[in-house]
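The structure's right below; bear with me while I get my questions together.
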Amino acid sequence: MSIRQTFAGDLKVLPTHGFGVRSLTWWGVIAYMLIEGGGFALAGGSYFYLMSQETVWPPASLPPALLPGALFTLIILLSEIPNSLLKKAAEAQQRDRVLWLIVLLDLIGLVLLVIRGFEFAHINVRWSDNAYGSILWALLLLHTIHILTDWAESLVLTVLMFTGHGQEPRRFVDVSEDALYWRFVWITWLPIFALLYLVPRLV
Amino acid sequence: MRRPLSLAPVLLLLSGCAGVQSMSEGAGFGSQQFNHLMLLFLVVTGISYALVLVFLTVAVAGRRNEGGEARLRSLLIGWVGFILIGLVLLTVASFFSDRREARAGAEQEPLKVTVSANQWWWSIEYQNDDPSRIVHTANELHLPVGRPVQLNLVSGDVIHSLWIPALAGKQDLIPGRENDLRIVPTRIGHYRGQCAEFCGLQHAHMAFDVTVESPQNFAAWYAAQQQPAPEPTDPRAKAGHDWFMSHACANCHSIAGTPAGGVTAPDLTHVASRQTIAAGTLPMSRGNLRGWIANPQGVKPGAHMPAVGMTADELDAVASYLETLK
Amino acid sequence: MTASEHPDDTARDGPELDGPELDRILSETWGDKAGLIGWLTTVDHKRVGKRYIVTAMTFMLLGGMLALIMRLQLARPESGLITADRYNQIFTMHGSTMMFLFAVPVMEAFGVYLVPLMVGTRAISFPRLNAFSYWLYVFGGIMLWVAFLRDVGPDIGWFAYTPLSGPEYSPGKRADFWAQMITFTEVAALAVAVEIVATILKQRAPGMRLDRIPLFVWGMLVTAFMVIFSMPAVTLASSFLLSDRLVGTQFYNATEGGSALLWQHLFWFFGHPEVYIIFIPGLGFVSAMVETFCRRPVFAYPVMVAALVTIGLLAFGLWVHHMFATGLPRLGYAFYTAASMAIALPSGVQIFCWIATMWDSRPRFEVPMWWVVGFIITFVIGGLTGVMVASVPLDLELHDTYFVVAHFHYTLIGGAVFPLLGAITYWFPKITGRMMNDRIGKLAFVLVFAGFHLTFMTMHFTGLLGMPRRVFTYPAGLGWETLNMTSTVGAFVMASGVLVFLGNILASLRRGAIAGDNPWGAASLEWAATSPPRPYNFAHIPAVTSSTPLWEESLPVFSGLRVKQRELVLTTVVEAVPDIRDPSPTPTIWPLIAALATTGLFIWSIFSPWALVWGAIPVGIALTAWFWPKSPPRHGREPVIE
Amino acid sequence: MRAGIVFLFGLALLAGCRRSDRSMTSDPHAEGGSGGANRSAAQQGDYSTSAYQVSEGARLYSWMNCAGCHGPHGGGGMGPSFMDAEWRYGSSMSDVVRTIDGGRPNGMPAFHDRLTGQQMWQLAAYVRSLSGLAPTDILSGRAEQMSGKAPFTQRNPDKPAKPGEPY
């Protein structure tokens, strides 16, 4: 006893791509931001919990050297300028502006990864020294994984944009969402920077 | 509190809920609080459950609803009101019961005992201002009736949980933390406690005996526990003493008044006076003592007591020496 | 952008292309290759959903067998049937299998299968990610069980408190396999949660406003968000444990600034929402079945949705009631007592609304409704004992005893498995096209119901008599003997009921009565599709004018989607107005290869930290190949995802 | 599906094999004499490659206060260090058991009657694992005690804090 069907409209005229909340992958990126954001928040919570266990913070070691961390933060904040331009260009589907901006961002990503190497070198504590060292390495490693995965994704997208596939509108949606995810990467860096570099000095 | 009231909850009667390790035994202030609060909870939740069953029976087999949505809505509001009142009542009751238990026997000077849990046995130390009067024992707890006891709980390895259901609630022993548990025993008798947090291979065999006795008996027991081990007179026991001191046993166990001074295993100064051995696993008897010493891995596989190779008569000598350590 | 003239792009469904001709073209577009290749490369949410359900039910049977072995060991005091080490592995595997390999996956599997059908779309939102998540989940389950059969199974309990699960007191790789299994199942569950959120928010049938979404779909949405917010906690905790055990970090080492309670906080922040993740879909099943068999929408729909959301939010605020005995400040406990008690309100309201729906209509008591009534009778007891263990003074006695074992079996089996067995009976016709046998179904219910209560009601008293949890044996003379024997007998009665249910499924697969599209006369969209649904679900995208579309006179549909390429319609979040024609990914082998690479990385990282560096390369390659377009650029053509 | 199972089965077989079995029941008959130093090769393997036996050895190392002379993690002190490859009296399992059992000149006490044979073998397995003579996958990541790292003040006297750093 299947129900009688009546035609009530035609979808033929609808567009085949959309930016922002209209795009399905945007919601996927937002959901993963919630997951990873939740993970960072809990890692931050663990940081404060471990801090409450100690009488002196940092216990028995120097806080991480300020220079690499501050340099990293400065550059990643500045990277938002080309990042916003890239997002606008992608949403305006201006292919040549997108091409050089995305290459610029890949280079910035490379520079940031090098600086991150110096941060690891000057963290002044081993992960196995104490819980302070462990949570510091965990926070820095978690964020580095995010930079690496986003950088690798941008590289793949850059190569794709240079091929013929780069003309399809859906690729511009991908670029815009990749820029959005980069914004998430540096936003989550700010509290981690505070936990790693400022809290041990202020408390 | 008279005994029958604590048995009042009908549900518990089915199991004849008395027992040395039963929560509703009511032999301690905590357990009595548990009985009263559990009774209140059973009443409130019982009423709620009855209401649900009645409503379900009517909905399944009774007359259909004529009052339409409006009647359902008013019933829903009534039901929400009932749940709210019930929850508030239970929350407040449990809060006050918790405070009453925390303040129980606050006016008396509590007996201070440090309990250190290790993988699969309890080290118990009766604190005293005069260090020479500190009593070390293991796997047993003697308490004077009516006097609160402050158990200072520390763990030597993993998380354990000290729990004497007949007296009071449990409290975990967590490495790196010092917890404390306050018990006010109210009735003389023998009870049994057991580790309640999974702690490895022999978690099931990590119990201890609790004896609540009159203050006079407790004082007598306490005095006896302070005496060092008597020198064995019987030749067989003497041979056992010599063998004990010259072999692996003295390395881990300690017996006051003898060169044996190991701290990584239970103190055996008055082992024969205890009701059970191997942390509540076997009742104390000649046969059990021999069986345990000969092959501990057979009784508690994975326990840290190794099988010390000894011939039959060495075993008999050591066992008879231990039996003199009343 | 000029519209493409290519015939593949212009062929659209509609009045002129309908019936068997349309079915042939769409089946070819949405179908899979034949045989094993098709089986390994499919991204059809129905095929992946079915195999998810079958795998999860297999793990339930395995977990159930372990439970029977435990009951045999505990039937008599001081029984020497199995050694302590083996028993510890068995109860840990029973808990871990039931919680991580059966309960969460089977609820998400039903979501994967049913949500796209119930919201009226042709595919789940990220179908390739869906296939990847299944492979990762099954490889994780196999890894744990192979380790268990190799005597390297975890022996630390399903919540693995440190320092017992730490490097010093759990030698060897047992705890590592457990912690890595968490990583497998958690990545899989998060992936499915993301798909379910995106499908429900963006792919609802035109007209399915927020107040016309079926209650089961609301349940899956709340569950998905709970998975998204709770699973990172257990990921963090198990990763910290793995690094403690492998490279010597000090997270849980009390002497070096760490804390054993950090593990408990992180784990239970996930642990309690997890049990609600397991039981909220159960509430969704009950709402769907009650609506159909009472032939009436569930009473007070907005109150039901509010109750679901409230349970979802409250679940994050009461995890410390698992830690009442750890010596945290007493005032903090009072807050958690109140929060734990408060969750009884939304549950109580939902119970009322279901019973009111039954009372306000003439319910037909088919087998699924037997399970619903069984659910109400059993779950309410579980909820009430939950109120008892929410109170600190009671919990200090009841915690870690068989009373708590009885409580969580009442809420999990009563609250989730009973509705699940009802849901299997209810949706079996839709999934397989055949009805399950009525009499065998009722027999199975009676056996499971009787066996369950015989087993677990008894455990309340075993707990009150002081029997602690997780003991591989107990001394005689404490009054526990008859109670434990009763529980063992009950366990075997319940197991026989489950076997009868399984037999009913296997028999009905071939000899069950042919079920039409809507054998129960239900109202939700999945019953508008055929039984079993075609690969493309709906010939034309259905539209919705009320919360019970199939009880209206006619079903409005929208035409105009491409038929030669995979395409579905995206609608706006609140009003579900058609917005975009979105291409849907085609079948591919890459999710399987990516899952194999990820499995290699996870298992290798149990033995060496360098796995994260070198193991990540094959995973990166597989993911790039998965994403990379497989055919030359389509200038000016309609987009596709290969 | 089948390919997945076979792949995983092989992988697990490779890793799991005998690392984790827990032969709790000691073999009393091997006691007596020189602490059971003359065990068969098979029995020796049971101890030196079993994570459980090595962890029991670690427990005995702290209980018998070996750390007093040999340092918290065998780092060396009055007694020789176990971290290096230099073994004055031989590094095979039975050599180490013989050392524990009979003691050695200038300071090593004889544990002949103070430890059972099984304990000596467990201790030997742990001591050898400290110097990397045991398969790495049976070692534990860390112990539940202090990690034995020198506090900051003594850690690197030759590297003074850089100017401008607050500490």
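Each chain carries a letter (A, B, C and D) given by its place in the written order, and its residues are counted from 1.
Basically, a residue touches a chain if its C-beta (ideal position, glycine included) is under 8 Å from a C-beta of that chain, and two chains touch if they have at least 3 such contacts.
These numbers were taken from a predicted model, which means no experiment stands behind them.
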Identity of the chain that, by mean CA position, is farthest from subunit A: B
C-D or B-C - the one linked by more C-beta pairs in contact: B-C
Inter-centroid spacing, subunit C versus subunit B (mean Cα positions, whole Å): 39
Rounded Å distance, subunit A centre to subunit D centre (Cα mean): 44
Chain centre separation (subunit B, subunit D; CA means) in Å: 36
For subunit B, residues that touch 2 or more chains besides their own: 157, 175, 301-302
For subunit D, residues that touch 2 or more chains besides their own: 22, 24, 142, 144, 147
Interface hub residues of subunit C, defined as touching at least two other chains: 85, 163, 168-169, 243-244, 247-250, 253-256, 258-259
Chain contact graph, described as a line, ring, star, complete graph or other shape: other
Pairwise chain contacts, counting only pairs that touch as defined: A-C, A-D, B-C, B-D, C-D
Subunit D - residues contacting subunit B, complex: 22, 24-26, 28, 31-32, 56, 59, 63-64, 113-119, 144
Residues on subunit B engaged by subunit D in the complex (per definition of touch): 157, 175, 246-248, 250-252, 264, 295, 297-298, 301-302, 304, 306-309
Of all residues in subunit C, those that touch subunit D in their complex: 39, 85, 135, 138-139, 142-143, 146-147, 150-152, 163, 166-169, 171-174, 243-250, 253-256, 596, 599, 603, 606-607
Subunit C contact footprint on subunit D (complex, rising order): 1, 4-5, 7-9, 11-13, 15-17, 19-22, 24, 51-52, 54-55, 58, 137-138, 140-147
For the subunit A and subunit D complex, residues of the former touching the latter: 60-63, 65, 126, 128-130, 201
